[in-house]
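Listed below are the structures to be examined.
Each of the two complexes below includes subunit A, the first together with subunit B, the second together with subunit C.
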Partner chain A sequence: MDKKPSHARTVIAYIVLIILTFLCLFFFYILIVNATRSHPQIQKGFSFIPGHSFMKNLRSVLNDANIPVISGIKNSLIVSSLSAILATYFSALTAYGLYAYDFKLKKPAFVFIMLILVMPTQVSAMGFINLITKMGMLNTLYPLFLPSIAAPAVFYFMYSYMQSSLPLELVEAARIDGSSEFHTFNRVVIPIMKPALAVQAIFAFVSSWNNYFIPALVISDNSKKTLPILIAALRSADFLKFDMGKVYMLITIAIVPIIIVYIALSKYIVAGVALGGVKE
Partner chain B sequence: MAGITFKNVVKTYDNGVTVVPDLNLEIKDKEFVVLVGPSGCGKSTTLRMIAGLESITDGELYIGDKLMNAVAPKNRNIAMVFQNYALYPHLSVYKNMTFALELAKVPKNEMKKKVQWAAEILGLEPYLDRKPKALSGGQRQRVALGRAMVRDPEVFLLDEPLSNLDAKLRTEMRSQISKLHKRLGTTFVYVTHDQTEAMTMGDRICVMKDGIVQQFDTPQNLYDHPCNIFVAGFIGSPQMNFIDAQVKKADGGYALCFGDTKVISDRSELAAYEGKTVVLGIRPEDLHAEQSFFKEGNSIKAYIDLDEMMGSESYLYLEYAGQKMIARVPARYAKRAEENIELAIDVEKIHLFDKETEKAI
Partner chain C sequence: MKKVKGNEVSYAKYGYLFIAPFFIAFLIFQFIPLIQTIYYSFFEYYRSGLKIIGPNPVGFDNYAALFEADFGKYAGNTIIMWVIGFVPQILISLLLAAWFTDIRLRIKGKQFFKVVIYMPNLIMASAFAMLFFALFSDNGPVNSTLISMGIIAKPFRFLSSVWGTRGLVGLMNFLMWFGNTTILLMAAVMGINPSLFEAAELDGCSPRQTFFRVTLPMIRPILIYVLITSMIGGLQMFDVPQILTNGKGTPDRTSMTLIMYLNNHLFSKNYGMAGAVSVILFVIAAVLCLAVYFTLNADDDSKRIRKRDRFKPRKEAING
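== the complex of A and B ==
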């Protein structure tokens, strides 16, 4: 009796999902196709069939002295990885502090962190540049990852996750078992937080990887530039040298690490590590 | 091995609520003490103060002869079993049990021996490599017990450890914990709201209400000589019947009158209550349907509202002289609902309470 409507629903669901998948993957496909075509071919218009200029584009990207792609990848990797690690670890630590302990300024502290959340980066950018100039960090990579320690959005995510998945009895059990507070955090809390850490690590990595605003303000040395700055530099190259194939190739190179990170961490998102320890 | 002493202990939370106003309690070495009472009576708070998970607002807490007020939980040499087991979900059963030992830097082979010893007692040997989520509720509870056992603690604290288990498993675990206590010879403090658990397991039971110890005694004494109406009503299932009775002078002592019944008691303490009303307590099993119990004046003729057949016996819900009562009689003497029955009160077994102070007379 009720099989028919569910069948129809399945069909509709599949159609919607196929459209969504197409919309998501179509641009990746065009990007990769264009990375294999030469500049004149791309200018002629868009095509589903890959061209033959893959190696040529790759070579012209790697050999351009003005665009140090290899060091750009290295810098981006360093900055994004450290950002991801710092943002997730310290946000989890902060969230744990507010979740597991009772102290007088607990509520004001929480409100203060939430207030920072609504502050756009652009507002504080001038002050930030001033500060790092005085600290002698201008034109270094440090200002690109150190501020990740204070990530209010990540903090809030961790805090909510703890509320749903970290019973305080576990912390108490660890205390009675003789574990110090830091040891409890590192050995009991962090493993339980793995799914949340993985999700936030991906987001932090990606947003740092894509970040153009702060690096553009801070970095002036070619050797310290991250990928988004290099891509921008390539796009604004003078008209005679402008090569769309090269731009597409560089963008393709730029998204590969992100795809790898997604694939590597996605299994943790699904795994419910916290299930089973405590009876709900 | 150590006893536990509370001296004028007060616990007030930050929001100003005092859960434990003034606690004095002495738990002997190797004793199995059960803290029992309705929810919110402060029993769990008391246990958590022993564990060091709650700070003590005022007073002194000793484990052995050491003052523990300012000692961190990890330095108290106690082990605790939580209601939700609180197993580390990311560690195997073996690792769960060795977590504390690793921190105490116990040598590997000794650790292995201890886990094996505990696993053997608790029947956990086949599960040592499993994660907690692959275990049933009863198995998880045993892992929690094992985790506490391997540490050789001075005091074992158990916070409603059986309340998440089904009835059959609860009975089984109850006897297992009792056996464990005998085997380990450690001080056990056990919190529950289930009076059956309290009666069957405790050497002594501490009945609490509103943070105040009502009575701290052996199970038998609590049952036979409850010190007030609360304890009398809390211990025993179905609970004791309470009837308002007038005290009148009579031949051979005092008559306790209610309805048409006059129960004669020779208790001299009743002199002070002559002409007043007292609360007469009678346990459901002390109301008898058998002929041999009938004497003059001790019978009640009551209407049966409802009967619950339990197999060997029957619970009769009665109405007599405007008061509700429960009788527990052997099934072959029981009558059915909407009938009348004549029951004899066992005068030797009655309890008397002051109506105002609710204390035993």
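== the complex of A and C ==
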């Protein structure tokens, strides 16, 4: 008697889960299949079977002078990697400064960061563009990664992680051994923080990789464009003239590397989402 | 934990030193720009052809112009598209969180489902929008499939229809965020003391009663947190409608969001108007930020007792 309703609920749960799984995977499956099909094949509609035009589409994307894909990938990699390194290292440093030391402005500094935790960067975009124009950084990659030094959400994650996994006795012990404060941070704290650093590095990398709003305002030079700007350029070009195989291939290039990294590290990423709560 | 008085003095400077880079970067890249943004919102300052007009102080003229123009309409669009994505998102996420944590259901492959539903969150929003644009365009694969299946006679022009476009934006927002919300809610449900569920079961609660009487009240803080952060995310809605409609907010600017409007002013170098839009967005965001601050603090107080082992049990539960 008790088993029956539960059994029916299990079936319903699986049906809903399968529908949602289908929704999540369907579009990306179609994307990858279409990247392997030729323009006329794509125009005919969906197909679940890949075509044979993968190399042809790849070549036509790489050879299009208007879409500098190679430099786009390079720029995106530079900006995202540096963002990830700066955001994680300096957030850990800031968190450690507030966690391990006592000083007068400790509490106000902490409250301040918590207050700006989810403040959108777009609200100061106008002043930001104005300022970096005056600093001569317009049309350079610097304004795309330097602001990552101040990443409140990453800080919050690091701070919570320290509370749960960094006993201050360890810091005291390092001190007694004669380790300098900075050395202690780099050699004792950073290794303990590795799991948190890894998870946040991935998130920082991905959000920078996907970022479109600020880069589109900062970069106008073709050779400095990042991938999202190239995608947007594709959209604003006269769409009907395009070889659709090429369009799907460019989207694939922008998305698939992230999916591969995600699948490889999914266990840690999903655990990280549950822990952090705060994410941009 | 208290240190010897003499030590505090000698180590305090390291505290300042270590938090300095964060605050310097914040000052340069966010605070000064914000002050400038607010300042120029009271000026006539724009580019006309090759000539720069201003900056001439004009008081609140930019704000007045804003409300005479379509600011209200864009705010409405933003809210509508946020609601279309958020309502199914929170409902589905609650349902999934309840199912995944229900021991009586014994759902297999939880880790697989979590990995799959979270994936769209990491996808480049602009590329995702471009994909949807290609799939749902007038002679794209969706239409040609629907026609060949005989469901419709001629292409349905999704992107020429007000609710077609808004619906697609909402659908994309839903797909991108429901996995994230599900995982957050699951972590919250797993943080509830299991003896509460045991007591409910002993008292003969049905799964439905347990959900509404035990689970929902217990995860209220995280629900509020999800709601507010999602509102902030909605306020920032840009990439998806921008790429989907090529920045035009078509049809007839019914899918133009506030940030798209800001972006238009920034691109045309109308800094006065861009400033005024930003200031209003800042005020809304500041209220939401305060709300997040207080929900997180309330959350921390209730959890302070088991702060030490806050991470470990959850981690195991997720891997298991």
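As a convention for this text, the second predicted complex is superposed on the first by the 227 of 280 C-alpha atoms of A that agree within 3 Å, B and C clash if a C-alpha of one lies under 4 Å from a C-alpha of the other, contacts with A are read in each partner's own complex, and residues count from 1 in each chain.
Keep in mind that, in the parts below, a residue touches a chain if its C-beta (ideal position, glycine included) is under 8 Å from a C-beta of that chain, and two chains touch if they have at least 3 such contacts.
Values in this document were obtained by computation on a predicted structure and should not be read as measured data.
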Subunit B versus subunit C as contact partner of A:Ala87, first or second or both or neither: neither
First (subunit B), second (subunit C), both or neither touched by A:Gly178: first
Touching partner for A:Phe128 - first (subunit B), second (subunit C), both, neither: second
First, second, both or neither for A:Val188, with subunit B first and subunit C second: first
Comparison of subunit B and subunit C by subunit A residues contacted: C
Touched partner set for A:Phe27, first subunit B, second subunit C, both or neither: second
Partner chain(s) touched by A:Lys44 [first = subunit B, second = subunit C, both, neither]: second
First, second, both or neither for A:Asp102, with subunit B first and subunit C second: both
Subunit A residues contacted in one complex by subunit B, in the other by subunit C: 102, 273-275, 277-279
Subunit A partner contacts - residues on subunit B that touch it in the complex: 14, 51-53, 72-74, 76, 78-80, 82-90, 99-100, 103-104, 131-135, 137, 140, 147, 151, 164
Subunit A residues touching subunit B - in the complex, by the definition given at the top: 102, 167, 169-170, 172-180, 183, 188, 191-192, 194, 273-279
Residue ranges of subunit A in contact with subunit C within the complex: 6, 9-10, 13-14, 16-17, 20-21, 23-25, 27-28, 30-31, 34, 42-46, 90-91, 93-94, 96-98, 100-106, 109, 113-131, 143, 146-147, 149-150, 155, 160-161, 163-165, 168, 181-182, 185, 206, 209-210, 212-213, 216-217, 227-228, 231-232, 234-236, 239, 244, 247-248, 251, 254-255, 258-259, 262-263, 266-267, 269-271, 273-275, 277-279
Parts of subunit C lying in touch with subunit A, wherever the complex brings them together: 1, 3, 8, 11-19, 21-26, 28-37, 40, 92, 95-96, 99, 104-107, 111, 113-120, 122-128, 130-135, 137, 139, 141-142, 144-145, 148, 175, 178-180, 183-184, 186-187, 207, 222, 225, 228-229, 232, 235-236, 238-239, 242-243, 246-247, 259, 262-263, 266-267, 271, 274-275, 278-279, 281-282, 285-286, 288-290, 292-293, 296-297, 307-312, 314-315, 318-319
